[in-house]
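Take a look at the structures listed below.
Across the two complexes that follow, subunit A remains constant while its partner is subunit B and subsequently subunit C.
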Partner chain A sequence: MKTFILLLFTLILSANHYVAVSNKSIKRISVEKLKALYLKKSFYVHDLKIVPVNLAPKSSARTSFEVNILKMNFSRLKTYWMKQHYLGHRPPISLKSQKSVISFVKKVDGAIGYIEQKNIDDDLAILYEWED
Partner chain B sequence: MMKHLVMILFIFSFVHSDDFLSTNQDKYVLGEGVQIASLPLYVGGYFSALYQAKEHTKKYQLDDVALLLYGDYEKFSYVSEFEFKELYTYTKTENDAKSEQNTNIHIERLYFDYNYDENYQARVGKYNSPIGFWNMLPVNVLRDTTSNPIVTDIIFPRFTTGVSVTYSSYEKNAFQVDVLAQHNNDLDYNYNNYHMDEHFGLGFTYLLEDLSLKMNLGTFDNLRKNGTSEILYYGLLSFKYEQEKYQLTSELGSQYSQKKATTPYAGYLQGVYNVTQEHAAILRLEVYKDEVTQNKDNIVVFAYTYRPLFPVALKAEYQLHSLEEKNQILFSVSVLF
Partner chain C sequence: MLRQISSLRNKFLVGFVLVGLLPFVILLSYTIFLSETKIVNKIVDEQLFRSNNVIQLIENQMILLKQEVAFISSLDVMDDILADDIDKRISILLSKKTTDFSIDMSLMVLNRDATIIASSSKELLLQQFFLSAALAETSFIDNGYIYISSKIYASFDKTKEIGYLVLKYKLQNLDSYLTHRKGIHSYIFSLENGVHFGDKVELKFDISKKKSAITDKHVIVYKSLKGRLKGYYLVYAVDKEIALKFLYDFTRFMMYVAVVVFILIIFIAVKYSRGIVKPIEDLTNATRNIIRNQDYTSTIEIHSKDEIATLSFAFNEMLETTKNALKSLEDENKLRVQRFTQLIEVFNKIIQTENEEKCISTSKSEIQKITQREDLHFSRKRNQDGIAIYVTDFSKNEKVYFGTISLKHEEFEDLYEKQFYHSIAAMISLQLDHIRLIEQTKNASNAKSTFISTMSHELRTPLNSIIGATQFLLSYEAMSDTQQDSVATIESSAHYLLGMINEILDIAKIEAGVMEVKKESVAIQELLQNSYTILQPLADDKDLALELDLGKLSEKMIETDGHLLQQIVINLLSNAIKFTQEGSVKILAYTQDNTLFIKVIDSGVGIEKKSMQKLFHAFSQVDNVMQKKHKGTGLGLALSQKMAQLLDGDVSLESEGLNTGVTATLYLPYNNQTL
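Showing the complex of A and B:
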């Protein structure tokens, strides 16, 4: 029993925590809205045009975002963006590091990104949080 | 024809040259188009070629060669699509063989969007009528099979030239309402399944995780070649269920004139099974009864699609009809660029 509790505790501690963030111009949003913004089905929060940014493909945060928020694997996303190209929509731009995402989000009004929770600072607003 | 082809090839080689690409682009990726010099202008396109074999006829066709231009700026965006349709066709029967060329460039789509806020969007121009699911992505390389289900061709106008307003909400219970109206000439009469100058429609879509449900109702003025016209009414119910491994889609519609049911029913149920990332097997069951052409048919479509790359599709299809003379085999190759 002791071993089991210890194992459970270790698993909880080792879970990765992520947050979707923006500068202070946007308040919390639902997971459905976050998904719609990243899939370019929705472009605004109230009157503010949203600029979603991705991390580099295959980074752990991006994989977690695609699995937990978009609920789409690589193949389905690739097909999705091919269809969106025909409909005149582009996938979100990708930035190389979480540091770049934080810097971009702080500078650009309406920009949203996702990072590991441990990297958040006081200038960022949390839109949504999840864990692996 | 050669002049037009050379012109298109020139445009593509020009915009794909390194000097002309935006510095923001890492590199050109097939199927994603390309941005022109940091302008709100993306260029792409697609083409498809097919082979069709019926009992007494064989057909080879360079079907679509299309150019896409789109972009957005602030609250505005636009999409345009210019296309050669059935550019070259070679048909061989038991006693005859002939080739045909159609070098007319058609305006398949040309519209402007205005995003008012997070819920409202207005559109003006020529666009795919937002009816059902299949009609939203009707080009060969994007659809599951080489052929289109009959219901998408006989119940409602595939294109509308007019205005539309969309209200969408992406909260817990996501939904979308589309209102469309045409009260003017078609931007390209020759590129639509119905000749019409009036179309009013209403659509409601409900989205729940992987399930989408849609209902469309509408009316349009069908202009016949003999100069007469007829008001037609249509209704269409659709659903789509998507998982990583498989998708189920169905559309069922009906069309009426003021006097009678012109198409009492037309519909399909289709399953797509993704064997691997590159391979998909498709089974589609179709039924329709059309009082205008006096046709009633049940169709089973067996199809297989191989995508060596996402934007490249090699498709094979066999159609088994209750009207046996319509049985056919189709092969196609299509590329999105």
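Showing the complex of A and C:
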């Protein structure tokens, strides 16, 4: 019981909020737009070239992003990028940590990334939010 | 001689040494001069090849590093620059790469502000990279490091510079490409900034366009590196001592061998040359001995069988021949001496013969004895073959044929034999002349003696008759004064003539050797007194003072011919009285050193010196004013001198000139020991 309660509590606590962010150069965008940008089907938002930034594969945020935003599992994405590779498209760059993503996004105009909501700060602009 | 032997030995020595050492010397010269050059050239080539390889390796390393830098800089992970490498992904990558290279280098990533945000070495992190020049160029050298840099572009936007990748490479790393071995020095240096790494040797050489330099100790090869490292020189220096060690060792070995071989050659040469020269020396010594001792019987011992032995053999043969020749010469010489003695004996015997027949027969038998030719004979016929003998006809003073010496059956063919017979013939002819001359002389002497005795008899007899007759007339016939004067003249003339004949006879006797000297003990004082007494009247007639001085006459008896002596004294005295008109005539007699001196000193007319010589010639008188007053034959002085000479003495005259008187001196050596 006690264990169950603790597990449940943990689950509640870990019911994570994620946000897609960029620096202030970009306003909010739709989830479709976000998906298109990450699948490199779209490149620009208001003439600004977008640099989508992934997190390391298998990380919880990236898994959540792929499931919730891209609606594709890891193996499907792999097949997708395999095909795209032959067309000359490459997947978004990936950074290891959310900290890096934050730093990167802040410095590079047009860069967008996703991080847990708790890591957000004032310099970042929230483009989209979701929950697991 | 000695010098020649030694020179011969030296020649051998030099020959041996030349033949033995020449190849050695050539080989040595080759190894020393040619091999060294070749080896040095080879070293240069090798080191050049090695240098090229090293340079190529360095070049490759540089290219590799550049490629690596380019590669790393193009990696997507570089995008992390934009996140300031918070995840340390770049740093990890750089560390990994650095480790992979396992050389002293560091990789660093700079952001656009030249802050080092990622590096293989943590201490550099977040430092500012000040070498902005290194970022402007792909490679840049500073302070012993080469910086290879590359701009980093964002993977999502290739136009977007996001930072720099810099590789800091320590040039010291190149040391690993250099060769470090004993004897080989290699290093890299730059003239511009004094960088030097590799071996810590400073070789001083001139860097020009040449690729190599050769110093006393090193063979040096150098080459400039390529690319950014241009101006850096790679130097390879090889210690000559070590590189040429083998050559030097070989040369040294050759030297030792040469010394050994030289000694061996000298030893062998000395031994052999002695062996060759020794028999020659023996030969020389033997020759010397033979010359010194005149011993031609000695020979040289022959021990070997070579050319020297042949020479010695020939020498022995020559000695034998010489010996024989000498022997035969000696024999012949003996024979000749014998012949010569015989000949002298022959001549002796011939000389002793007293008449022609005996001379001829003796000669013939003696010659036969010598020559042992029985067929030799003598003939007086003319026109015969043989050797003619001529004799002198003294009356005509010419040579006349006498006879011929010839052989019965053959002629004198041998020239020497002919000469021999000619000389014998000349000898015989001489002896014949001699015999003839003796006979002729004897005849002449006999004739003269006969003439003189005849003369003394034939002339004196009529004169004595004349004198006797006139004296009879003067004494016993009554004649007128005129007649008496005439008869007296006849008588005195006859006396004069008789005196003259006596004197001529005396001279003739002396010259013919008929005058006999009868030596006896003479009382000289008495003899002089007698002479004085005899001539006193003559001096009185002319009122001359005649003195006799016998004060110094110590000897009283003298062994001589008294008759002759008295005649000489009277002659000299009468001459003095004859040629003195007034004054005195002095007789001085004395003895001195077994010699009797009798001086007749007058104060008469004297004699000129130039006339002195004539006086002793028969029939000569000195012309002077008194001449007509003096009667005389002129024989007196000559006769006196001849008589004195018969008695082993002489007569001499002294005069200071005309009117100074004359001193006539008779000296007479005597020997009283027989008394």
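In the analysis below, the second predicted complex is superposed on the first by the 118 of 132 C-alpha atoms of A that agree within 3 Å, B and C clash if a C-alpha of one lies under 4 Å from a C-alpha of the other, contacts with A are read in each partner's own complex, and residues count from 1 in each chain.
The rule we apply is simple: a contact is a pair of C-beta atoms (placed from the backbone, for glycine too) under 8 Å apart; a residue touches a chain by one contact, two chains touch by 3 or more.
All values derive from a computational prediction rather than experimental measurement.
J.: Touch test for A:G88: subunit B only (first), subunit C only (second), both, or neither?
T.: The first partner, subunit B, only.
J.: Is the number of subunit A residues in contact higher for subunit B or for subunit C?
T.: Higher number of touched subunit A residues: B.
J.: Tell me which partner A:A111 touches in the superposition: subunit B (first), subunit C (second), both or neither.
T.: second
J.: Look at A:V67 in the shared chain and tell me whether it touches subunit B only, subunit C only, both, or neither; answer first, second, both or neither.
T.: neither
J.: Taking the superposition on A as described, I'd like to know which of subunit B and subunit C A:K49 touches: first, second, both or neither.
T.: A:K49: touches subunit B and subunit C.
J.: In the overlaid three-chain picture, which partner chain does A:I126 touch, first (subunit B) or second (subunit C), both, or neither?
T.: Neither partner.
J.: Just subunit B (first), just subunit C (second), both, or neither: which does A:T79 touch?
T.: The first partner, subunit B, only.
J.: For A:S100 in the superposed arrangement: first (subunit B), second (subunit C), both or neither?
T.: second
J.: Could you look at A:A36 and tell me whether it touches subunit B, subunit C, both or neither (first, second, both, neither)?
T.: First partner only.
J.: From the superposed pair, tell me which subunit A residues show up as contacts to subunit B and also as contacts to subunit C.
T.: Looking at subunit A, the two contact sets intersect at 49, 90.
J.: Sort out for me which residues of subunit B touch subunit A in the complex.
T.: So the residues of subunit B touching subunit A come out as 31-33, 42, 44, 46, 68, 70-72, 74-75, 77-79, 115, 117-118, 136-137, 139, 142, 168, 170-172, 174, 209, 242, 244, 274, 277, 310-311, 336.
J.: Subunit A touches which residues of subunit C in the complex?
T.: 76, 79-80, 82-87, 89, 154-157
J.: For subunit A, which residues count as touching subunit C in their complex?
T.: Listed in rising order, the residues of subunit A that touch subunit C are 49, 51, 90, 92-93, 95-97, 99-104, 107-108, 111.
J.: Which positions of subunit A touch subunit B when the two form their complex?
T.: Result: residues 30, 32-33, 35-36, 41-47, 49, 71, 73, 75-76, 78-79, 81-83, 85-88, 90-91 of subunit A touch subunit B.
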